[in-house]
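Below are two complexes that have chain A in common, paired first with chain B and then with chain C.
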Partner chain A sequence: MAESHDRPPQPFTLRVRRYDPESGDAPYWDEHTIELEPHRSVLEAILQARDRFDGSIGIRCSCRQAICGSCGVRVNGEPALACHTHLDAARRSARDGVIEIEPMGNMPVIKDLIVDMDAVHWKKIRRVTPWLIAKQPVPEREYLVPRESMVDVTQTMACIQCGACVSDCLAMEVDPLFVGPAALAKAYRFVGDPRDDQHFERLNDLAQDPHGMFDCTHCFKCVDACPKDVNPMGQIMRLRRIATADHHIVDHNNGERHEAAFASLIRDNGLLWEAELLPRSYGGNSWFGKLHPRAGKELLSSLPSIVKALLRRKVTPMGALKPHRIPKQDLASVRSIYDRIEGRDRSSGQRFELNLYVVGEDEEPPAPDAGVVAGVVAEVSTGESPAEPERPASEDCDTPPDPISPEGSSST
Partner chain B sequence: MPAHDVLIIGAGLAGQRAALAAAQKGASVAVMSKVHPVRSHSVAAAGGINAAISVDDDWHSHAYDTVKGSDFLGDQDAIEIMCSEAPAEVMELEHMGVTFHRNDKGEMDLRAFGGASMKRTAYVADITGQAMLHVLYEQLMKHHETVELLEEWFTTSLLIDDAGRCCGVIARDVRSGRMEAFKAKNVILACGGAGQVYKPTTNGLIVTGDGIAMAYRAGAPLMDMEMVQYHPTCLVETGILITEGARGEGAHLLNAAGERFMEKSAPNKMELASRDVVSRAEQIEIDEGRGVGPNGSGIYLDVTVVPRKRTLEALREIVNLGRDFAGVDITREPIMIRPGQHYIMGGVKTDVDGRTAIEGLYAAGEVACVSVHGGNRLGANSLLDTLIFGRRSGEHAAQRAAHMGMPDMDPGARLRADAEEIDAIIARPRDGRRVSEIKSELGELMNRYAAVFRDETGLQTALETVRRLKEESARAWIDDRGTVFNQDVLGAIELGYMVDCAEAIVIGAIERKESRGAQFRTDYPERNDEDWLKHIDITLNGDGAGGVGGPQISYSPVTITQWQPEERKY
Partner chain C sequence: MKVAYWPGCVSRGFTPELHGSMAKVAPLLDIELVELDRACCTGAGVIAEHNQELADTLNARTFALAQQVQGAEMMMNICSTCQGAQSECQERLDASASYRERVNGTLAAEGLSYDKDPGGPFINKNFLWLLVEEIGLDELRSRVTRPLTNLKVGPFYGCYIVRPRRRLGIDEEHPRDQYLHQVIDALGGSVIEYAGMRKCCGFPIITMNKEASLKQAGRHLGDAVDAEADCLVTPCPLCHLNLDLQQPLAEGVVGRQLEMPVLHLPQLVGLALGLEPKELGMSRHVVRPTSVIDWSTSVVGAAA
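After this line comes the complex of A and B, so read on.
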């Protein structure tokens, strides 16, 4: 890619979403054609348009290197930092060759590409008690903490508060009160920090909150959107696991039991059995529990969705009511994964985490039999090779993440 | 009208640290910033923060390294304060929650940095500034009842009463366009340097010399403005910074012949000599035809000699920068860099408590010149500077506020004048030049004539041109006629700040007829302690119109406590 320096400037057309709150007019589109080298950023293109043609284009920006977090926008409908998106890539993802730039979503627009982050993003950050509540007594020198724990929380510390994950959070679209990916990642920054004294209180608070950690629907939008590999959804999953497995928090939202129901259904059948999910979420794995009154209530409220799903033939009545099971030998493989993970030595205090943040890759491509950790990963990720060292350190998450790090024991 | 004991302009590390310190002393505090605090340019500081926290280290060693790095232009009393207070300050930040990298014993790990005689730099991967800035902002959120945050307020001028005391500011709410006067017993300028005066620069678009120019216009002297640091490792095309931490971890600098050319100018410290030395050595290689890349305009920074695992863990951000902004995997191949404007050692002259010559006006961080950096700042000393002198300014201002009443100045006239000025900019006819054109010409001019190597002819050309640009900027026109988020009109005001800073830089560079630290005059290539071991102060005396007044030059002595000037070798 070093040849990128030799590529001459070429024309790019931008279609910028404009909104002037003082005009009384509705938002409109504005087009500008600029000339830049294809590896330059969308921000540089916007700035060129602003400098040359129209100084009134509103966008927050400063550092031009993806560290200040000012220039969160949507490029061709996807949330991104303008300074972190190459023009050639943006043109490739454009519908008609014109790069579309809009303000971020889920937040009110103030002017052009400028949104009111305080009203949404920062309000949610403030919701999670976003400061260290230090363990007492405070030592004279630094707190002595495991090296890995600091590297681990530095992943969430790397969040630049750009709002890209908030912009397209699907759960937040449905429930605007959802604490959301950025703020929950921020919460993990304290829950994962061994110097913090309120791990249980923080986790309990966010587990019991009906708009808290169990509101996330695992859509991966925030993981894709994040320009800094903070992996907000991953942090939310870690909050859940620490809340349930380490602190045994059973929440009013039934999040903990719902998750357990998923796990036990897969263990039993290898596939999800929708009809059993709800009863098991409320009553656990017993016939008596299935008659839990709240399960009935939930079922009633879900009836419209069930009817819709049936009408659209997403499920058949038989298919929903009958457990679907995978072939016997496959089921045995699934169970062996469970056995391996559940049977591991817990006394070490280690939990294997899918962590996209690189905490030190091996110097050389690991041999096929590269140790227990990689072995477990390989099994979980359908037996693909454990690591692809040629791949850049951080990329889209839909390839199996290779750097799996043993999480340091959070010493609570 | 809002009134505070301590009003801080700028919400980077110095400003936030000052706010916390003042609030802890019981003062009523407000922090005003033209951007949200976490967007402040402190966020881009990568490599780390120096402090003699290791048991083998001694703050005297840190102080000596800093004095030597400054080419003996730093004031040694101030340097002693900064270095001796550093360990406690860094520990305090750790206790607030900064996630400093640990060694295997769980203690804070330290990395090597340029010009330091031992490993002394605490770090958070290569996002140290970001981690510290965000943690301080966490603290401001925690103390929201005692510290008022005025986010996205643009300061247009300082309020000075008839007795010459600073008693507040005039500012514009960026979001609504509303102008307001803010009274304060004390104002602390903490709004950073003036990197945008240069093009390219490692500094963000917001770093436009606002504080330096406002203090200058109000009559405060600026000191050592000619001392402009070029960082040795910036991406060739965009000027984006590659942290010194890379060389701290062992990376090499190579010329076109593949030679580690630092052998010639710094046989002992090699790539870890101080920044002025390394930047000059690189520029010589480039100028003499041994550069790499299309026009021979670059140098190779070879990070591949650092173990890959270590690079991915401790230099993660520049792995990303290399990939995203230069298309290079730095763990696999060398990356092309060159010196680029990075920091201004000069600024508003202050004492060790941040006090300027104007009563009630303080300055801390890059906007100020205490001077702890003298002719050249050591890497990882700027974060330290912001914290130590931010805190000291905040504390001092809070104490001063406790013994005085709120100034009873009427800001009405100034408020109206500033509002009219903004209206006038918006209404300017389109017969001059665009703000963006002038800004671009200014940046390229400075980067050509007031860069690593300077001489009389070039500097005179620069001065002449800067003065023309100053006149043009007074007539420069803009597009945006609105009030909500009119960034265009703020850009015109910022251009005014920038030309003032540029003029002072060039005047200082012309005046200093020697080579010291970042100032290298090809026509005066030697350091001359006899004539020039002194600070150059520039004060605005009148507005310079009609041939009277304008910038006046004076000198002040360098404070020497225990280290006499000696030849500087790395």
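After this line comes the complex of A and C, so read on.
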């Protein structure tokens, strides 16, 4: 580390995308070579280029230390904070040794590297009612909440609103109305907060919206884009899980049906049965799902693909009508795993989720010992180990989360 | 090398040509496949979305079955989505001893147990990673009998095998997000870069927002057409479903003719190792890989 800070200034070439919509001219690329120490940031390089060569380069910045979230750009095609990207690392990831800097995507450009956050990002944040709607009556003194649930929501509170995840959201690229990763992570901040009174309303709103939580394509772009480890996609998956499993919300977008059909087809067959998954996702999770008018409509609209698949013998009628299954004995094991875990969850009224953000990784895993299994369950159930808290998942959060009940989790 | 082989569901369902071509290619690369035919679906992220512990336990069961395969050096899969879903579960299982024992407690009824460190970390690699890291590009190159000269191949990585980078072990030493490029090059083909090569095919939302899903597939295919690729290659059968099976519908959504053949990774490798398009199951694609077949016949013609 110290070594890299000792390295003398050296030349770095930047290729900056320039665009002024008011000029009427097309965007173009500008190249500037600046001199800085390799550990300095891309932002410092842009500012030097602006000071020395071209005062008209537009860039928004303030704190220069990855706190204010102002200098979101794309560096070599990937979203990043300019102030949080070292020049030497940026050059290593460049295609041709020249560091390429563009404005963020999915938002209109105001000038050069400055995008219109109001038009997209902030509008979507406002969409999710980003404030706490407190349970009534509000206690006279402070609210007491379990430590774990507050640690849990700090992950989404770490968001600095830089827009990096919005910039590269692949669902928003094709559906600009998608609520998007930043706003949905913000929604989890309140759905995960035991003090909030509107969990069901928030979830129902975002589940029923055709551009809401079920519009996420699970592409992990936002996970990698985020400079603060907010894990927006992970929060979206938790919104879905809480909406379907805890609040039993059945949405108009097939989200709940798809999840239910998938889970029960694996329980029934061990392997996925594609030809049955699609109609059930539309028509409902049972054998009769395919007879529902919604499933029929979907079948009709997919005819061009279905006919071609049959003609090319990609799919045979028998293959489509009959599921492939794992051997009987293994299927019984899979079903018993379902029964045990889901039964345990039902009887305790909660799901067990290992949240690595809250508990962190083991520093030195204790040596595995077959005899410990029961002991570990007891340890979890008594809540003695602060390293094993559970995220509350009860229907509402009136009561503080109980640790897992011993009888529910005992399997030995 | 001997591997515990997880083929996944779709490779035995709607893309049988993937499983078939892998079986043809393996002996040519001295890979012995021991099929994990007792294992169940990885859940493709959907079961984890439904119930995280359930997904982790089902996958721990698969890992435990893989660890029982005598003499297997590692587990191998041929589905990016399986890789992504399994890596996510493995990350949680490996991170916490008490969680691992909780999960193993459920598996104990069947006499199974997942061991994080059976004399070295438990390794599960997609065929793509295995090709580059275990077999090696030089070895692969030396086995090519029909170099893909002048075949312009666009890589389509999909999401689950390139993100999130930290979980998947992608760094400067292991540029796994470059491996398709490297393999196409080692097989003698020309790599065609285009905007959508690491973007989402749209498959996960095909039942939730069909238009957005098909727009994604159509846009990436269109980008590849514009970049003049002869075909695409993908390590993910679910991407294949949206890019090939749904291509007639994607054409309707983006309003242009696409006709872009999409090959599975083992098919492309098999072609370069001298196998014929038909035995690699290419006649089963919705989009006829005419350009690839024309290319292969012209190469054979030239050699004769």
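Annotations
Everything that follows uses one rule, which is that the second predicted complex is superposed on the first by the 281 of 412 C-alpha atoms of A that agree within 3 Å, B and C clash if a C-alpha of one lies under 4 Å from a C-alpha of the other, contacts with A are read in each partner's own complex, and residues count from 1 in each chain.
Keep in mind that, in the parts below, a contact is a pair of C-beta atoms (placed from the backbone, for glycine too) under 8 Å apart; a residue touches a chain by one contact, two chains touch by 3 or more.
Please read all numbers here as calculations on a predicted model, not as lab measurements.
Contacts of A:262 after superposition on the shared chain: chain C is touched, whereas chain B is not. After overlaying the two complexes on the shared chain, residue contacts for A:241 are found with chain C alone; chain B is out of touch.
When the two structures are aligned on the shared chain, A:250 is found in touch with neither chain B nor chain C. Judged by the number of chain A residues each one touches, C leads among chain B and chain C. Touch criterion met: A:65 reaches chain B, while chain C stays clear of it. Contacts of A:299 after superposition on the shared chain: neither chain B nor chain C is touched. In the superposition on chain A, A:210 contacts chain C only, with no contact to chain B.
Using the contact criterion defined above for the overlaid structures, shared-chain residue A:193 touches chain B, although it does not reach chain C. Shared-chain residue A:98: touches no atom of chain B or chain C. Residues 359-362 of chain A are contacted both by chain B in one complex and by chain C in the other.
Chain B contributes residues 35-36, 38-41, 43-44, 53, 91, 94-97, 99-109, 124-125, 127, 130-131, 134-135, 138-139, 141-142, 151, 175, 204-206, 236-238, 240-241, 293-294, 307-310, 312-313, 316-317, 319-321, 323-329, 333, 336, 434-437, 440, 478-488, 491 to its touches with chain A in the complex. Contact residues of chain A toward chain C in the complex are 92, 170-171, 173-175, 178, 210-211, 214-221, 223-224, 237, 240-241, 244-245, 253-255, 258-260, 262-263, 266, 270-275, 277-278, 281-282, 301-302, 304-305, 308-309, 312-315, 319, 324, 326-327, 330, 333-334, 336-338, 340-342, 345, 351-354, 356, 359-362, 365-366, 368, 372-374, 376-377, 379-380, 385, 387-388, 409, 411-412.
Across the complex, chain C meets chain A through its residues 9-10, 12-17, 37-41, 43-54, 56-58, 61, 84, 91-92, 95-102, 104-110, 115-116, 159-160, 163-165, 172, 199-200, 202, 204-205, 207-213, 215-216, 219, 241, 245-249, 252, 283-286, 288. By the touch rule above, chain A contacts chain B in their complex via residues 1-2, 4-6, 20-22, 39, 50-52, 54-56, 58, 60-70, 84, 86, 110-112, 114, 117-118, 125-126, 130-132, 134, 138, 140-147, 150-151, 153-154, 157-158, 160-161, 193, 195, 358-363, 392-394.
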